[in-house]
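Below is one structure; the comments refer to it alone.
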Amino acid sequence: MQLGIIGLGRMGGNIARRLMRDGHEVVAYDRSHETAVALTDDGATHATSLEAMVASLAPPRAVWVMLPAGAPTEDTIAALGELMEADDIIIDGGNTFYKDDIRRAKALREKGMHYADVGTSGGVWGLERGYCMMVGAENETFERLEPLLKSLAPGYGDLERTRGRNAPDDRAEQGYIHAGPVGAGHYVKMIHNGIEYGLMQAYAEGFDLMKTKSSPDLPEDERFDLNLADIAEVWRRGSVVSSWLLDLTAQALAGDARLDNYTGAVADSGEGRWTIDAAVEQGVPTPVLASALFARFRSRQENTYADRLLSAMRFGFGGHVEPPK
Amino acid sequence: MQLGIIGLGRMGGNIARRLMRDGHEVVAYDRSHETAVALTDDGATHATSLEAMVASLAPPRAVWVMLPAGAPTEDTIAALGELMEADDIIIDGGNTFYKDDIRRAKALREKGMHYADVGTSGGVWGLERGYCMMVGAENETFERLEPLLKSLAPGYGDLERTRGRNAPDDRAEQGYIHAGPVGAGHYVKMIHNGIEYGLMQAYAEGFDLMKTKSSPDLPEDERFDLNLADIAEVWRRGSVVSSWLLDLTAQALAGDARLDNYTGAVADSGEGRWTIDAAVEQGVPTPVLASALFARFRSRQENTYADRLLSAMRFGFGGHVEPPK
Amino acid sequence: MQLGIIGLGRMGGNIARRLMRDGHEVVAYDRSHETAVALTDDGATHATSLEAMVASLAPPRAVWVMLPAGAPTEDTIAALGELMEADDIIIDGGNTFYKDDIRRAKALREKGMHYADVGTSGGVWGLERGYCMMVGAENETFERLEPLLKSLAPGYGDLERTRGRNAPDDRAEQGYIHAGPVGAGHYVKMIHNGIEYGLMQAYAEGFDLMKTKSSPDLPEDERFDLNLADIAEVWRRGSVVSSWLLDLTAQALAGDARLDNYTGAVADSGEGRWTIDAAVEQGVPTPVLASALFARFRSRQENTYADRLLSAMRFGFGGHVEPPK
Amino acid sequence: MQLGIIGLGRMGGNIARRLMRDGHEVVAYDRSHETAVALTDDGATHATSLEAMVASLAPPRAVWVMLPAGAPTEDTIAALGELMEADDIIIDGGNTFYKDDIRRAKALREKGMHYADVGTSGGVWGLERGYCMMVGAENETFERLEPLLKSLAPGYGDLERTRGRNAPDDRAEQGYIHAGPVGAGHYVKMIHNGIEYGLMQAYAEGFDLMKTKSSPDLPEDERFDLNLADIAEVWRRGSVVSSWLLDLTAQALAGDARLDNYTGAVADSGEGRWTIDAAVEQGVPTPVLASALFARFRSRQENTYADRLLSAMRFGFGGHVEPPK
């Protein structure tokens, strides 16, 4: 089917390519003229403006917005809301906060337009592996988009089927689901990323404990100079902690087990933060997910005010002078 | 090669079977006569006592102890230390604290005996999938045991090879490593389990946040009745959080997404605890691993003294009467 | 000076009384007729409606709203915004989210009205001890309210003066501060409560560790049957952990060190939650404050979905059947 | 009474002084000759060696060891065990791990000697304020030491008495307790310090949240430039979070609210660590105490291996290049 795509970065560009490989027709727009033109080599039609894109799509239209969350996405969807018409669908495939989806869909609904939020996991690997997608939308909207989702999803692949699974449809097994009404797609994707932070931090702490086991402060016979690349590799085989993140860890350590090329100032995105906000709102204890987020915050700071205050208190009650860092 | 195996439970029995399938000769002992006899159907020789087992093995011997950590393993290894001879090898394949390994090996070394600690992951699936093993031992001991390890390990399987991996040997890719001197095998396995707790808790918190998203306390358009079985299934395909633990989650939820058959009183074992002790000893912050352990402690308690003290303080400063649970 | 007070519960009633004791004139309103009438015994004038209260105050007026956060406060302030006039001041002395203060003040400013948010600590003890207050307001508003604040605050008391303190004014030492513009008062109070949760949980965990030290699972010579009431008492004297919360702990334990009368289902309020939201928004790691909040969430639950999922995974990989709770 | 004191540092010296002020007779030893001699000005007798000290005390003797935990204390007590005689008492007033107390007492008991572990809080303030002491010892030993404890303790002071307190003795109110058998004194002191870490971290996080509220990243009307010195000061009066640590915070902030003189590399001691080990051993969830300890570990590190591994994973799945720190 025909689809407009706005935002042709790492994610948007590959989504367009994967769709075209499967026979879909893509009208592409990016604020960088060159980026958009580049995609015409893969068969896309190039639109020079949002207006041009909307004009060149046959109604009822579907436009996939794949932009950074926040203002870029918000402004673009607001503009599309002016340009598009009743029955058209606007898809937000980015990392939008799910309450923003709900708000936007409500506004668009008044004009007869439809909205879908597509939580998309797959990163730079999606073009080849396919994208794992969680969709929030009304039933009819979801059904209209399903041909696209099928093309983007990884499909069954060679994964072993889940024992005991007996579901009415096989969408999940193909790699996409209709998670629920508008917002549900991004909510599920948000939780996905919250979990991702927790998983990553669990590995990071464990490997740190193995790295520091070589410390000269330890008794000699309790000091191990462990080969972390080999450990990640061996755990990929038959262990309880095997995962795709472990595969990536093995890959990173195979290259340089000291990881000296990384600064360790770890970015975080809205989704990890909103997950904790959701936990607070819903009264659910999430110590691991929160700890993982806080570890990232901390990784970007040094000599924090909190730590200095601890030092100041220690000086106050014990005359302790904290050693230089 | 020939091997004595002590302890024929879920793990030990299957280890024996997998070894015999690959042509090794097993002399088996279990304090339950019936359990030991049952293994003779698979080709094992049955020993009626530790003494009989040692007597029936040709020196230099190797005996694999596969018993619960603590007294059962400790006592058995002490007994073997009396029965066995110089050049013999005692293998502890259980979940022993690595400092106990170091102590035991030191004592056995005085008699010329050798010791290997084999951290073994694989659970009930090991017979078919193979066991992932991390070995602590002197070089020569490791080499003598290697034929057994090769048979027990999963082997390459159909896993994609780690990009950029360029290691001097391929043991890790076959599923076993020589982690380091005595103790290193169990240390690595201990960290493995510590990570396992963290990973599990990350998923658990995330799924809880999705479960509670159906709460009637939430505004109607922010309330989602999510299909958790489908979500686990779709994440298995192309998402960043795919893992074996997620596969198991998908399986559990496919059966009963409400999980009503589980009490939620979650056991923990020595390894999760020792991981935190190691973090404390080595000065490594491990908020995620510790939180995961504490969540298990808490899952087995109710109406804790700590919580009651909070209530008592709240009554003290605010006259608050805590609502019944 | 003259002040209208709305909401004569535990806090509002005592605030009115403390003001009248110091010569201020109070016009009181409560939706419970009886509660309002009761205060006339202490010298208050009783208003039968918001309209009547506003009518009976001489302009420029000041009205203190002391109601539960959320709808009760929001609706009352909206109503006052209709009834009151330019130059009048509306004071929110409750536990409002500081961003709501900012929004309200902005709306009232358009009508020439003023707003002050007064974070108030002191609980049921305030009538005698005085209230510790943090005020968010424009300078002029703050100055107009200062006579009231002076009367409500504890004053110097017999506290030792802070060594090295050399501040331009002594308000903080009297027990009230002008924290900053509108919102700042409630922000500081919010953080105060966030800290309070952390402090309380620290004591709770420590006392739990002393309580459980009597467990029969411990070796006999490491098992202590500690007198927790005496410990709290002794720590009040010269120890680093002495505090008012410890005083309350000592008091609770003096009554019943087993705390059997408390359910341990610990409530939490908006302020503890918003503190974590602020941490997430500002990128500040707050593991202790978040852990304290999560402990309260957990205290009100049992048999959580998260815990049951852990059990289900454990069954999946190890065949473990979790013991009944 | 007569007492030998070994170790005349900040703590030991002042303990000696406070005892002599109350009429006790002190024989003092320090490996620094000068330090020991200095104390003779205050009335102490100076011993030039352990042997000389023991010789100059009249049996049955009491010797208070006030040295750094670990080897200095361990070796000194071992030496005293050789020099002293049946009925003599060795007191460890330092920060020893309570299981070491139990072990030592057992060994000394075989020679008829007695042991007492005195957990001592008070820091540099103890000389004037008195020391808060928790004692582990057999009943008879405790009673023999009681005259010393009475002199060292703060006494009733001008603290308000705990409402409802009805205890068989008033020792706790004087500032010392017989916590239980050997080990109990240091166990209670250990928990005291664990709580201390939690309290300190709670304040530190809260003040950090107030400090960062001035960040230019925040919307202008939500940005507050808070006077932290005033806030600490005002909270001292009538607020729920008032405490001695808050007094110290107020003092530190009065001097320099930016705390620029502190490195923020916060030391931790054995007691904070052992508290977490105890929690792990006893199966008690202590998320706040553990988080506080981990924050200290983290404060002394930068660019951790754990953080770099997170960066490496993020590069692996998303091509993210972490921004320089």
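Residue numbering begins at 1 within each chain, and the chains themselves are lettered A, B, C and D in the order written.
Methods note: a contact is a pair of C-beta atoms (placed from the backbone, for glycine too) under 8 Å apart; a residue touches a chain by one contact, two chains touch by 3 or more.
The UniProt protein names, listed by chain, are A, B, C, D = 6-phosphogluconate dehydrogenase.
What you are looking at is a predicted structure, and each value in this text was computed from that prediction instead of being measured.
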item: Chains contacting each of subunit A and subunit C, listed by label; value: B, D
item: Recurring contact interface, reference A-B, options A-C, C-D or B-D [over half identical by residue number]; value: C-D
item: Chain located farthest away, centre of subunit A as origin (C-alpha); value: D
item: Subunit C and subunit D, separation of their C-alpha mean positions in angstrom; value: 31
item: Centre distance in Å when subunit B and subunit D are each reduced to the mean of their C-alpha atoms; value: 38
item: Whole-Å gap separating subunit B and subunit C, where each centre is the average of the chain's CA atoms; value: 47
item: Set of subunit D residues in contact with two or more other chains; value: 123, 125, 201, 203, 205, 208, 212, 240, 244-245, 251, 279, 283-287, 291, 294-295, 298, 300, 304, 306, 317
item: Residues of subunit C defined as touching subunit D within the complex; value: 98-99, 102, 106, 121-123, 125-126, 129-134, 153-155, 157-160, 162-167, 171-177, 179-181, 183-184, 187-188, 191-199, 201-203, 205-206, 208-210, 212-213, 215, 218, 221-222, 224-227, 229-231, 233-247, 250-251, 254-255, 275, 278-279, 282-289, 291-292, 294-295
item: List of subunit B residues in touch with subunit C within their complex; value: 10, 123-125, 200-201, 203-205, 207-208, 211-212, 244-245, 248-249, 251-253, 259-260, 262-267, 287, 291, 295-296, 298-300, 302-320, 322-325
item: Contacting residues of subunit B [partner subunit D, same complex]; value: 240, 268, 273, 276-277, 279-281, 283-287, 290-291, 293-295, 297-298, 300-301, 304, 306, 317
